[in-house]
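Both complexes below contain subunit A, partnered by subunit B and then by subunit C.
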Partner chain A sequence: MANTASTVPGAAGPEEASSRLQLVWRRFLRQRLALFGLAIVVLLFAVAYLSPYISLWQYTQLDFNAFLEPPGGSHWFGTTQNGFDVFALTMRGMQKSLVIGLLGALMATALAATIGAFAGYFGGVVNTALLTVIDLLMVLPAFLIIAILSPSFRGHTWLIFVVLLAAFQWMVTARIVRGMTLSLREREFVQAARFMGVPGWRIIFRHILPNMASLLIIDATINVSSLILAEVGLSFFGFGVQPPDVSLGTLIGDYAGAALTFPWEFYFPAGLLVVLVLAINLVGDGLRDAFDPNTQGRA
Partner chain B sequence: MPQEPLLSVSNLSVSFRSESGLVRAVRGVSYDVRPGELLGIVGESGSGKSVSSLAIMNLLPGHAQVSGSARLNGQELIGRSDEELSAIRGKQIAMVFQDPLSALTPVYTVGEQIAEAVLVHEQVSKAAAKDRAVQLLELVGIPNATQRASAFPHEFSGGMRQRVMIAMAIANAPALIIADEPTTALDVTIQAQILDVLQTARKVTGAAIVLITHDLGVIAGVADRVAVMYAGTIVETGTVDELFYTPRMPYTLGLLGSIPRADAGARQPLTPIEGTPPSMVALPSGCPFRPRCPMRQDVCAEREPELLPIEGDGGPDARSVRLQPDPPGGPEGPQLQAGATNDQRPTTNDHRASCHFRDDIERRGLTSRDIFVAPAPTELARVLGARETRPTMLAVRDLVKAYPLMKGAVLRRKVGEVRAVDGVSFDIREGETLGLVGESGCGKTTTIMEILNLEKPLSGSIQVLGKDTASMTRADRFAIRRDLQVVFQDPMASLDPRLPIGDILAEPLRAHGVPDAQVSRRIRELLQLVGLQPEHVNRYPQAFSGGQRQRVGIARALALEPKVLVLDEPVSALDVSVRAGVINLLERLRAQLGLSYLFVAHDLAVVRHIADRIAVMYLGRIIETGTVDEVFDAPAHPYTQALLSAIPLPDPRKERQRVRIVLKGDLPSPANPPSGCRFRTRCQTFGALTEAQRQTCINEPPALAPRTGSADHLDACHWATVETVL
Partner chain C sequence: MAGFLLRRLLYLVCLVVIATSASYFLAATQLNPRARYEGRNPPPPSAVVDATLDQLNMNDKVPVLTRYQRWAGDLLRGNLGRTIDNQPVNDEIGRRMWVSLRLVLIGALVGTFLGVAAGAYGAVTQYQLSDRLLTVFSFVTLSIPAVVLGVLFKNAGIGINNLLGFRLLYTTGEMTPGLDPWTVTGLLNRTAHLVLPSLVLIVIAVAFYGRYQRNAMLDVLGSDFLRTARAKGLSRTRALIKHGLRTALIPMATFFAYEFALLFVGATFTERLFGWHGMGEYFVNSVTKNDVNSVAGVTLFVGVLVLIAGFLSDLAYAALDPRVRV
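== the complex of A and B ==
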C-alpha cells in the first residue's frame, strides 16, 4: 500500500474511503469562483446583522437635518425624503431578504425534490395522490391564499411568511423532478440498488436526487431571487413585511420611482440584491460542478 | 498478377482538438484495396478504424484535421470540396453504417430513398428509378419487394433495414463499399444473413469492400486481407490466413488468444491482454502497445516500430522468391513498400507487422500462449459431488410473464397480451453455471428480471435456495437478496456516476447492516479480489475503463457473499481485448467462492467457454437444454443448429468449409406467435417434412423431452435429429 501518491492528499489519511459528502466538499473547496461567491454571501450576512453596531444610524431613526442627502458624511448611502438613513434601511432589509430568499429557496427546492421523486419512484397510488396535491396547489391562487391567511399570523413571527412563500413555489419543479425520476428509475444502477434490498426512500436520496443535482441547484438559485421579489408584491399590498420594518423587496418597490432622480435610494438596495443573487449563482455553479464527477478536478 | 490498387490510402492522419489536448485519432495509416477485394479492418473502439474511413469519404466534422492521401483509381479524395466529392460518394464509393435505423430517413418510403440514390447520380426517369429500387430490394433478399418498397423504415426490422442500406449502397454499382460495423447491432442469425447479402452484393457488382469490425470471427469468414488497427495506426496486415494462423504482432496474438471459441471443446485457457487501450491524447512514447506488451524491451520505448514485412514469411516457396532485399524502412517505409509490392511480388509478402520483434516471433514461432500468460486454473474451494447430489440453488418452473397490450388513450382497454416468457423451467445446482442464450426479444431478460424481483410470478414458480417466492414475506425477500445478486451488461449504466466507488461498494453492505468498521475493510478486500487497487476507492466510475468498471460491478455483486450470481451479458459491452480478463475473473471467482451463475448472453462462444449447462430460448420458451458439450457438439433442435452455425469462428480455413444454415426472416412478434411449434415459420427442416409431419408442427406445441441423446439433453422439436454444425 505504498503507492498512494495518486490518491487524495486530504486530512482523511492516504487510503481511507471518504464519503461522498466529504468528496463533494473537497471538490467544492477547489473552485475559486464558488469560494468567492460563498465569501460574499457570508460577508453580506455579517454586514447585515452587524450593521446595527457599526452604523451611525438605526433604520427607525430620522435625521431631520438631512432629507434626500446624497451619500456622504455620516449617511454612507445617503438619506430618503423622510430623513431615514439608506444604509441602515438597506441592511435591515437585507437581513429579511437573505432569510426569505435562502431559507425559502431551500425549502421550496427540497419540497419539490422530495415530492417529485417520491411520486415518480413509487408510482401507483403515491403518484396519483401527490400529483393531485401538486395540480391543486398549481390552480390555487397563491397570492390570494397568502393574503387571506396573513392576518391570522400577524404579530407572530414573520418566518411563517417564508414557509407560505415556499409552499407556493415548488410545484412546477416537482413535476419536472417527477419526470426525470421516471427515467432514472429504470437505470441499471437504481435497479442494482433495488436488487440489493436498499429501501426506496434511500434510493431516492442516494441515487435519484444526486443525479439531478444540476437541476435542483439551478432551481434553488433561481428561487432565491424570485422569492425575494415575490415578497415585494405581497408587501406592496400590505401583507408580508410591514412598515416600519423593511425588506430589500419593499425598499426596491418603494424607491423604484426615484431611480433617476435620487439614484442612491434605489441603486443601493437593488445593487445589493444583484450582488446577492450573483454570489448565490456562483455558489450554485460550484456546488453543481462539485457534485458532477464529469467536470475537471477529479478527486 | 500485379493489379493497380482501387483505393490507395497513404499516410492518412486525422486529429481533433479537444479540451484535454490534441486527439490523434488516426496516425499515418496506409493501405491498398484492390478491385473486388474484401479488406477487413479490425480494431477496438477508439482505434481509429471508423474515423479513417470517414476521413476518406470526407464525412468528418469540420474541426477534424485530415492529412495524407487517399486515391481512388488514382484520383485524390483528401482535400476535395464537398461538391466534388458528392459526385464520387454514392457513385464510386458507398457506405453502409452500423445503425440502420438512424441511417434511413423515417418520413420517406424505402423505395423512394433507394430511387433517390439512383436519381442523384443517373439521368433516368422516376419510374425507372423506382423499378430499379424494387430490383435492388429483391437482390438483397427482401420478400415481396414490390410492396415493401412503399413501406416506411419503421416497418422493417433491424436486419431488413440493413438490407435496405446495402441495396442503397449498391444502387449505382460502386467500385468500393465501405461497411462500418454493419452487423454489430444485429443478432447472430441476422448477422449471418447480412454477411451473406454483402457477399451477394459483391458478386453482383464486383465491388471491393472494406469491412470495418471489432469481431475477428466476422472477418475470418469473409475477408481476403485483414488490417489490424491499434491506437490510430495499422499494426499488422496480411492475408486472412497469415493473420489468423501466423500473427506476428503481439497485439494480434493477444487478441486471437483472448477470444473464446464456440468450437473449442474443453475449456481453452484465455490469455487476456493486461491493461486498456491508450488514450489518444497521451500516447505512450515509442510503441503504443508497449505498456500492455509482455515482450517489451527498452527499444520499444525509444521508437515506434514501423509496419514492415516479416522475414522468412510464407514458407519455403515464398522465401526463394524473396531473394531480393526489402527496401530499407526509412520514414517513408510503408508507402514505398506498398508501391514495391505491386510490382511483381507474390501477395504473401504483404504480411507486415509493426513490432521490433516480429522476426523473432516468426523464427521462434511464438503463439499467444507463449507471450501472454494464461492464468492457472483456480483450485475449487470445495470438491463438488455429482450434479444430482448437489443442492438446487435456483429453480424456475413453468414461469410465465405477460404484458397486457392496451389500446385507447382515455379509456384504456386490454386488447391482448404479449407472453414474453411462456412456460420456462430450469434449475441451477450448486457450483454450476447455466448459460441462458437466445436472440434479442426471446425473453431472457424478462426471465431474469422476474427472478430478481422475487415476486410471485403470474404463473409457475421461482425457488431461490429452496424458498418459493410466492410465499415470501418482505423480510424473507430482503434476507434472500444477500444470496442472489446481479451483474448488469453496461458497466457505465449500472454504476451511479455520482458516487465514488467506495460508496458504491459500501451500499449493499450498509443496506444489510454491516457495521461501519467492517465496511471499509471489506471494500478493500473486494477491490483486491476483482483485481483493482484499493487506493482507488475515492474515484468516480468515470475514471475507470469499461473493463475496470465491470470489475467494480462484480465486486459490488460479491459484497454480501452471495451464493447465486445473475450475470446479464456481463462482457458484451466490453472491448475484445479486455473481455478475456473479465471472463477469467468470473471463472476464478466461481471456483474460489463456490458460486453458481445464471449467465445470460447472446454470444454463444462465451457461453461455451464459461457455462456447464445451456438453455436455448426462442420466443419465450426454452427449446433445447443440456450440458454445454452435448448441445454444442450434438444440437438436436433446428434453431440451435442454425444459431450455432451462424457463429463466426476466428478460423478462416474452417469458416470457408462450413456450410452456414441461414434462417429465413425475422423473429415473429411475441404478441402473435405461430401456432404449435413457434419456430416452424423459420425452420430450415420444416420444408423437408412430409405433409403429415408438418401438421404436427402446426397443431402441437412440442414438449421439452429427451429425444436424441442422454436423458439430460432435452429438446423441443417433434422431428429432432442431431446435426453437427461447428
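== the complex of A and C ==
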C-alpha cells in the first residue's frame, strides 16, 4: 500500500496538520507588526484594483486643464506635465508591481524547491550544475543579465519579464532547500518510502517538500518584495516594464528628476512602493517567527 | 594553505571566464547593432553597413562563434574591441573604471567595516535600544530601492546646502569642471562631490552586512568556547572580539564577494542620479545603444572585480579559520 508511506511521518495526518496550521496562525495573530503589515498589503491590493472604479480619472486619460497641478480637487495625487493623473498612474503601477511580485515569487519559489530538492536528493550532476550556476550568478549579477536580455522582450508581453525575474531569484533558496533535503533524505520516513519502491520524484513532492513548507512559504513572501524591488531597478533604466504600460518602477524612473520641483510626481509612487515592500517584509518576518519561535528576534 | 588558495583562485578564474563568455554570447545574440543604421534616412547601402559592422566585429550575419573567437583572441592580447562609435573600449573603460571603483571601494570598505561593527554590537546588546535601532534601520533600508534612497540623499544634500546658505555638498558630477584635480582645492572639491553618492552605497552595505553579521554573532554568543575563554580569565570584551567576532566573521567572508556585485548594481543607480560617468552609466548606455563589445567589456570588469573580492574573502577565510590552513 502506497498510502502507508505517506502516513509514516506522523505530522502528515490530517488532524495534526490542521492543528499545526492553527498553532502557526495563532502565533502569527499574536504579532501586531506582522498583522499591521498584512492589513496594509491587503488594503493596498484592494485600493490598487478598485481604483479604476473609485478614481475620477483613468491612467490613460489626459486632463488638458490641469498640467503639473499639485494634489487637490479631482486629482488626489496631482497631475504630470502631460496632464496624467498621478493617483491613477500610481494605482496602475501598483497593480503591475503586485502582479509581478506575486507571480514571480510563486515561480521563483517553485523553481527553488524543485531544483534544490532534486539536487539534494539525487546528487551527482544536478547537484554540481546547481552549485556552479549559483556561483556563476554571483559573478554576474542578475541585474546585468536581465538588462542585456531586455531587447528580447521589448515589444512582447511583460510576462517574459516576470519569468526572467523569477529565473534569477531562486538560487539562494535552492541552496537552502538542497541542504535540508540532504538531511531529510536520511530520515526514516523517506527511507521507508524509498524501500517500498516509491520513485524519487514522488518522494520529493510527497515527503520532502511538504516537510519544508514553512521555509517555502516564508521564502515566497520575501521573494515578493525582492521581485518588486528588482522590477523597480530594471524599469528605472527602461529595461523592465515597457511603455505604454506603467509600473512603480517606470514612474519612479520618469519622475525621479522631478522630486524637488514637483514632489508629488515622485513621492507618491516612491512612498507607496516603500510602504508596500515594508509591509510585505513585516508579514514575512511575522511568518518566520510564527513557524519557528526559536528564531524570534533574529534576521 | 597555498593549495587551498590556488584551488580557489583557479575556480574563480574559471567562473569569470565562463561568466564573461556567456554574457558575450548573450549580448552578441540579443543586442542588435544593425538597428543603429536601419533607422537612418536615407538608409545606408547594406554593403556599407555590413562592412562597418564587420570592422567592429558586430555583424550578425557572421556566426556568433566566429565573432566570439575574434573577440576572445583580441581580449587575450589585452584588446577589448571597439565601441559602436568606433572608439577603443579599452580607453573608455580605462577612463571610467576609476570613477566607479572610487564609489564601490569606499562603499564596500566603509560599509563592511561599519556593518560588521554595528552587527556585532547589536548582537552583544541584543534587545537593547541600540540593537532595536539597528534592526529597524536594516529592515527599513533594505525595503527601499537604491534609486529612491539615492533621490532622498540627493535632495537631503540640496536641503542642507540651502540651509547653510553655501554649497557644502555637490550633487552633480565628480568634480567642478575646470579645477585642477590634484591641488588642495581640487581634492576638497572632489571629496565634497564624493560624499553623497558614496553615502548611499555605504548605507546599503551597512544595512546588508549588519543584518547578517548580527545573526552570525548571535549564533556564536551562546557557544561553549566563549564561556571557556571567559573562564580562562579573559575580559568580556577581549573574549568577544578575539573568539566571538573572529568566529562570527568566517561565514561573513563569503558575503564579501556578493557585496561587490551588489554594490556595482547600486553604483549604476547612484551614477545615474548624481551624474557620474562611470562603468554603471556606461553599461546602461551600451545596452541601449546595442553596443555589444562595450557590454561585454563591462561584464568582464564586474567579473574581475568579483574575482578579486572573492579571492580576498578566501584569504580572509584562510586567515580566520585555522582549519583551512592544515
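As a convention for this text, the second predicted complex is superposed on the first by the 165 of 299 C-alpha atoms of A that agree within 3 Å, B and C clash if a C-alpha of one lies under 4 Å from a C-alpha of the other, contacts with A are read in each partner's own complex, and residues count from 1 in each chain.
The criterion applied here is as follows: a residue touches a chain if its C-beta (ideal position, glycine included) is under 8 Å from a C-beta of that chain, and two chains touch if they have at least 3 such contacts.
Predicted model only: the values in this text are computed from it and were never measured.
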Q.
On the A-aligned overlay, A:Ile40 touches which partner chain: subunit B = first, subunit C = second, or both, or neither?
A. neither
Q | subunit B versus subunit C as contact partner of A:Leu62, first or second or both or neither | A | neither
Q: May I ask you to decide whether A:Ala270 touches subunit B, subunit C, both, or neither, giving the answer as first, second, both or neither?
A: second
Q. Where does A:Ala192 make contact in the superposed view: on subunit B (first), on subunit C (second), on both, or on neither?
A. first
Q. In the superposed arrangement, does A:Leu182 touch subunit B (first), subunit C (second), both or neither?
A. neither
Q | Touching partner for A:Leu131 - first (subunit B), second (subunit C), both, neither | A | neither
(Q) Looking at A:Leu111, would you say it contacts subunit B, subunit C, both, or neither? Reply first, second, both or neither. (A) neither
Q) Once the two structures are fitted together, what part of subunit A is touched by subunit B and by subunit C alike? A) 298-299
Q: Can you check the complex and tell me which residues of subunit C touch subunit A?
A: 15-16, 18-19, 22-23, 26-27, 30-32, 126-127, 139-140, 142-148, 151, 154-155, 158, 211, 215, 218, 257-258, 261-262, 264-265, 268-269, 272-273, 283-284, 287-288, 290, 295, 298-299, 302-303, 306-307, 310
Q: Note which residues of subunit B are touching subunit A in the complex, please.
A: 452, 477-478, 481-482, 484-486, 488-490, 493-500, 502-503, 506-508, 511-512, 520, 523-524, 533-543, 553, 556, 560
Q) Which residues of subunit A touch subunit B in the complex? A) 1, 3-4, 6-8, 14-20, 23, 187-189, 191-193, 195-199, 202, 206-207, 210-211, 213, 291-294, 298-299
Q | subunit A to subunit C touching residues, read off their complex | A | 132, 135-136, 138-141, 143-145, 147-152, 225, 229, 232-233, 236-239, 252-253, 256, 259-260, 266, 270, 273-274, 277-278, 281, 285, 297-299
